[in-house]
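Same chain, two partners: chain A is paired with chain B first, then with chain C.
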Partner chain A sequence: MVRWQRGLWLFFLPSFGLLALVLLWPLSYAVYLSFFDYYLGSGERTFIGLGNYVDLLTEARLWNSMRTTIIIAFGSVAVEFLVGFALALALYRLHGSAKVFSVLLFLPHIVTPVVAALFLKWMLASNWGFVDATLLTFNIEPPDWLGDPVWAKVSVILADAWVFTPLVMMVLYAALQGLDTSLLEAAQIDGASSWNTLRHVIVPALIPAIIFVISIRLMDVFRFFDLIYVLTGGGPGTATETITIYTYQLGFRMLEVGKASALGVITLIVVAMLLLTINRGLNKAYRGGDR
Partner chain B sequence: MSAQSYPGRRRTTWVIFIALCVFTFINLTPLIWAVLTSLKDPRDAFTIPPTIIFEPTLKYHIEVWTENDFVFYLMNSLIISAGTVFISVPAGSLAAYALSRIPRRSAGPILSALFTIRMFPHMLLAIPFFVMGTFLNMIDTYPLLILALVAINQPFTIWLMHGFFLEIPRDLDEAAAIDGCSNWQAFRIVILPLARPGMTVAALFSLLLSYNEFLFALILTGTDTKTLPVAIASFGGEDISSWSLSAAGAIGIMLPIVLVMLLLQRHLVRGLTAGAVKG
Partner chain C sequence: MAPLTIQQATKSFGGVQVLHGVTIDIDDGEFVVLVGPSGCGKSTLLRLIAGLEDITSGGILIDGKDVSRLHPKDRDIAMVFQSYALYPHMTVAENMGFSLRMRGAKSDEQRRKVGQAAGILDLDALLDRYPRQLSGGQRQRVAMGRAIVRDPKVFLFDEPLSNLDAKLRVQMRSEIRTLHKKLKTTIVYVTHDQIEAMTMADKIVVMRGGHVEQIGSPMTLYDAPANVFVAGFIGSPAMNLLKGRIGADAQSFDLDAGGALQFTSALDARPGQSVILGIRPEDVTLSDNGSPATVKLIEPTGADLHVNLDVAGSDITAVFHERLSLKEGQEVSLELPADCVHLFDAETETRLSA
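The block that comes next holds the complex of A and B.
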């Protein structure tokens, strides 16, 4: 039996071979490139050690894009969590008709991201977009949704929420369905109000699912590209330029691939630290609050 | 639940029901608006207030597929998605099977390593692919994009298939082993037939991931291999006079996905949280 089990390691070969070829090798190459001043247009490449990192970290544009990313990430994850949780609770309460709702509510999430972004663009386009055309009907002067620095951020947050709230809703709804109903009944018999049941029974039981969904959403916001690219392209100016969009500009518009790689590495470090902090923080808050 | 009989509780249920109806409707407005736009002539599309009642036309749905290169882009999308699935799912299934059968203490670290890969910014992978592709003269070819998509798809496939293989009892392969089957025979004869439904699900999710993927497609394709998302993004962008046409294109791209997703409904949560659609 032991020998038989050992034979199983051969099954990993194709997959891990592929991963080494298309994932590990390119990633290490990117880290290697990040130490070079490398302009792809001329093909000239000089080793500059940590030069790219120093350059980036002392640059206003990087910090601006970092701030934008954090605003958009926390804004959209907050909206997604609150709305998604409310929807999950509503679905849980409805039993029977929940199925129809869950399919309809899920639609925005399954649409190709680029297509979803276009849908939202046609909603928000100035003058002839649905929102503006409706507001103008009532003689309300609409703001420039995608052209004003503040409103553009709000639009991007809402766009992200439109696409990803369904995912949060589904994960939490699935977790709710796994809930031990005897706990809820016990709370009811003890005369607990709905709010107290939610706070002291439902939320603590859902903590693993909540941590999970918030973590994956935060990771994804840091690498999400399609929506912002199509909706605002990072504009107006650099108002919605996240780290991901900035990396794209650096690497594929300006062809500064060395510097862009360095930015990619920085992003990775930021995401890793953020996730560690959040997991630790939520875990602690949960254990502290429950006692 | 007995508590359902309280009149107060019944009333809240109704309130929730109506609130959900309203929310769902508002939430679907962008979709409905796009469908309406795709059926409108320009004189109906650019009005204040927005026109709700008009004479619908399928003209643009036909035009976008016949008078533009959308059929060609669709072919590109299909070739690339199929290529990705045929590499990623078999390799991933083999690894996932082994992962579900080796001792836990060895499988755990591998699984968390795979989950960590999910955290990597795609940009960090896109840059070396672009640089290497330029060197090897492979930009705008199918294999390069397929390999990139396999890279982001493989961890997900393993993760998803691992769950399916865990559901197949170990006793089955142990019995096969005692009967003298090699690993490969046990897998092929005993396990594979049982794993087929799971592999179909994994294949459909991988198909969607590749069909929807935008970043790598944008960077690594050109005139010969452009996929649907890249085409529609550059097509529907700025010029509002082509609204109806690009709306028709966008709806066309969306429809097959909606169908596949309805098929996958039962597995949605598992697949999507593992990173299926929006990598």
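The block that comes next holds the complex of A and C.
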């Protein structure tokens, strides 16, 4: 080894220091706090070991918020992926001038999620909102978009999809650009229909991009907060209360900082396990041969 | 196996016309090579035959049936791509069987046909491998295997050897030739390499700028090139082409660049006529009394000696099969046999003598 290379680790220090400061320290502190009964109002901390975890895991509210999170996360990522992929394929087939559409389609993603949420809240407002007013002119009785437990979930899913589908579309469109076109031509000559070409040639070729986009979207959507907070605040009742909203309620409404930290740690573990499983599953499905 | 006819095929991309009424007749079982410099339209023509590009006007007939508006899958052709285009996530067997599977063949039929093709191409041991685990030559063979499992009427090859190293290219060249002898399927093969064209083809189609320059057997093209372009394109090293006028006695040739060449017998043209004179490097010999020349550069290839000579200010390349002890700067005299000379019209650049 050349002597100067020994000093290279010094270059690693600044970024590591920054990461430690903004990421590792708060994370470790949260893990540390999760072992304490710590009510922010009292200022006293009592070590209770896994007490917070036991409390949370035996509570119906945690499981309810977990279920809500999973419904919303998988619902919105599914919509984003299907619509985003369809749009990416459409863009891929379109010619030069029609590609202006890609910019228009990207607009919702440029808007800050909170602004997008406020905008959607006005759109979905009962009776006089754009959506209701439109439906009412056709004499269609609109549902209570944000007030009905089921429709509130649907609205939140569609709102997230509205903001993030363009991102999915762009990632997959970029991946399509890198596709070897002779593969598509070979499939054409081999007699594959459009559907079979998509299934046996295009999708397998895009697997790395698909894993990437699904992973970042799932990671993101499990931390999904701003849109829900503005649109429904977790309501009606706890119909749209995800883990993050529940964590927020615990920490900042009920000031149960220890318990909120424990919930944060649980979320981290759940998301990490989930992503590993999905990555493995997707990889296995397509790398293990085409059946 | 089927004859293939291309009738007055034209192709335009927007306002740019890249093929100008190409007509080629290919017999059943013939090995035809489309050759020409890049941009000559040879790959476009192949893609028209495959149906990967729409023909602008004209017709393509396979086995007497007009296929020019049919989908690629309905033309009964198979194609080997330059990049091989193997599906990266499928094994060799899956790659080769994909077209059968897409056409609804039963799995035991797929297995049987893939097994047969693998046997022909010596791929049996590789059937469970993925393309990324194969060498360039093996991938090339898999690409051919994928083409032959379907037993199509016509094989199309798009510069299939250009990604291989020189040694492997020579080996694959003879493998493709052997395969053709075995299968007797009509083949249209695109290359820019005239050596590939010469060694493999039954018939060569030389193209330039979207036009067919000449169609003929390799030796016809070599012995009687129809014009200056074909003369310069076929043969390696390229034919020496010199501009000038036939001398008054028809036995000499006055070079436009100055000076004259002497021939032992009369040239087959009018005295005073402006022509382009072509002579192949391998037809140039050394003699005691001929045109004086100076040795400029000597390139021994092992088997041959390529010598670059200066003759009255013009460059001439000569190839000698014997080992000569020449030195750069040495004065020699060249014999240019008049019966080996190719004469072309200076204006139209087309062949004058038969």
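Keep in mind that, in the parts below, the second predicted complex is superposed on the first by the 283 of 291 C-alpha atoms of A that agree within 3 Å, B and C clash if a C-alpha of one lies under 4 Å from a C-alpha of the other, contacts with A are read in each partner's own complex, and residues count from 1 in each chain.
Keep in mind that, in the parts below, a contact is a pair of C-beta atoms (placed from the backbone, for glycine too) under 8 Å apart; a residue touches a chain by one contact, two chains touch by 3 or more.
All of these numbers come straight from a predicted model, not from anything done at the bench.
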Thinking of the overlay built on chain A, is A:Ala239 touched by chain B (first), by chain C (second), by both, or by neither? neither
Could you tell me if A:Val156 is touching chain B, chain C, both of them or neither one (first, second, both, neither)? neither
Between chain B (first) and chain C (second), which does A:Leu167 come into contact with in this model arrangement: first, second, both, or neither? first
Could you tell me if A:Gln188 is touching chain B, chain C, both of them or neither one (first, second, both, neither)? both
What is the contact status of A:His200 with respect to chain B (first) and chain C (second): first, second, both, or neither? second
Between chain C and chain B, which one touches more residues of chain A when both complexes sit on the common chain A? B
By the touch definition at the top of the document, which applies to A:Asp180: first (chain B), second (chain C), both, or neither? second
Footprint overlap on chain A, comparing chain B with chain C: 185, 188
Please name which positions on chain A make contact with chain C in the complex. 180, 182-183, 185-193, 196, 200-201, 204-205, 207, 286-287, 289-290
Provide the residue numbers of chain A that touch chain B in the complex, in ascending order. 1, 4-5, 7-12, 14-16, 18-19, 21-23, 26-27, 29-30, 33, 40, 87, 90-91, 93-94, 97, 101, 103-123, 125, 127-128, 130, 133-134, 136-137, 162-163, 167, 170-171, 174, 181, 185, 188, 212-213, 216, 219-220, 222-226, 229-230, 243-244, 247-248, 251-252, 257, 260-261, 263-265, 267-268, 271-272, 275
Seen from chain C, its contact residues with chain A in the complex are 50-52, 71-73, 77-79, 81-83, 85, 87-91, 94, 98-99, 102-103, 146
Given the complex, residues on chain B that touch chain A span 1, 3, 12-13, 16-17, 19-20, 23-24, 27-31, 33-34, 37, 45-50, 87-88, 90-92, 94-95, 97-99, 101-103, 117-132, 134, 147-148, 150-151, 154-155, 158, 174, 177, 182-183, 187, 211-212, 214-215, 218-219, 228-230, 232-233, 236-237, 240, 243, 246-247, 250, 253-254, 257-258, 261-262, 265, 268-269, 272-273, 275, 277-278
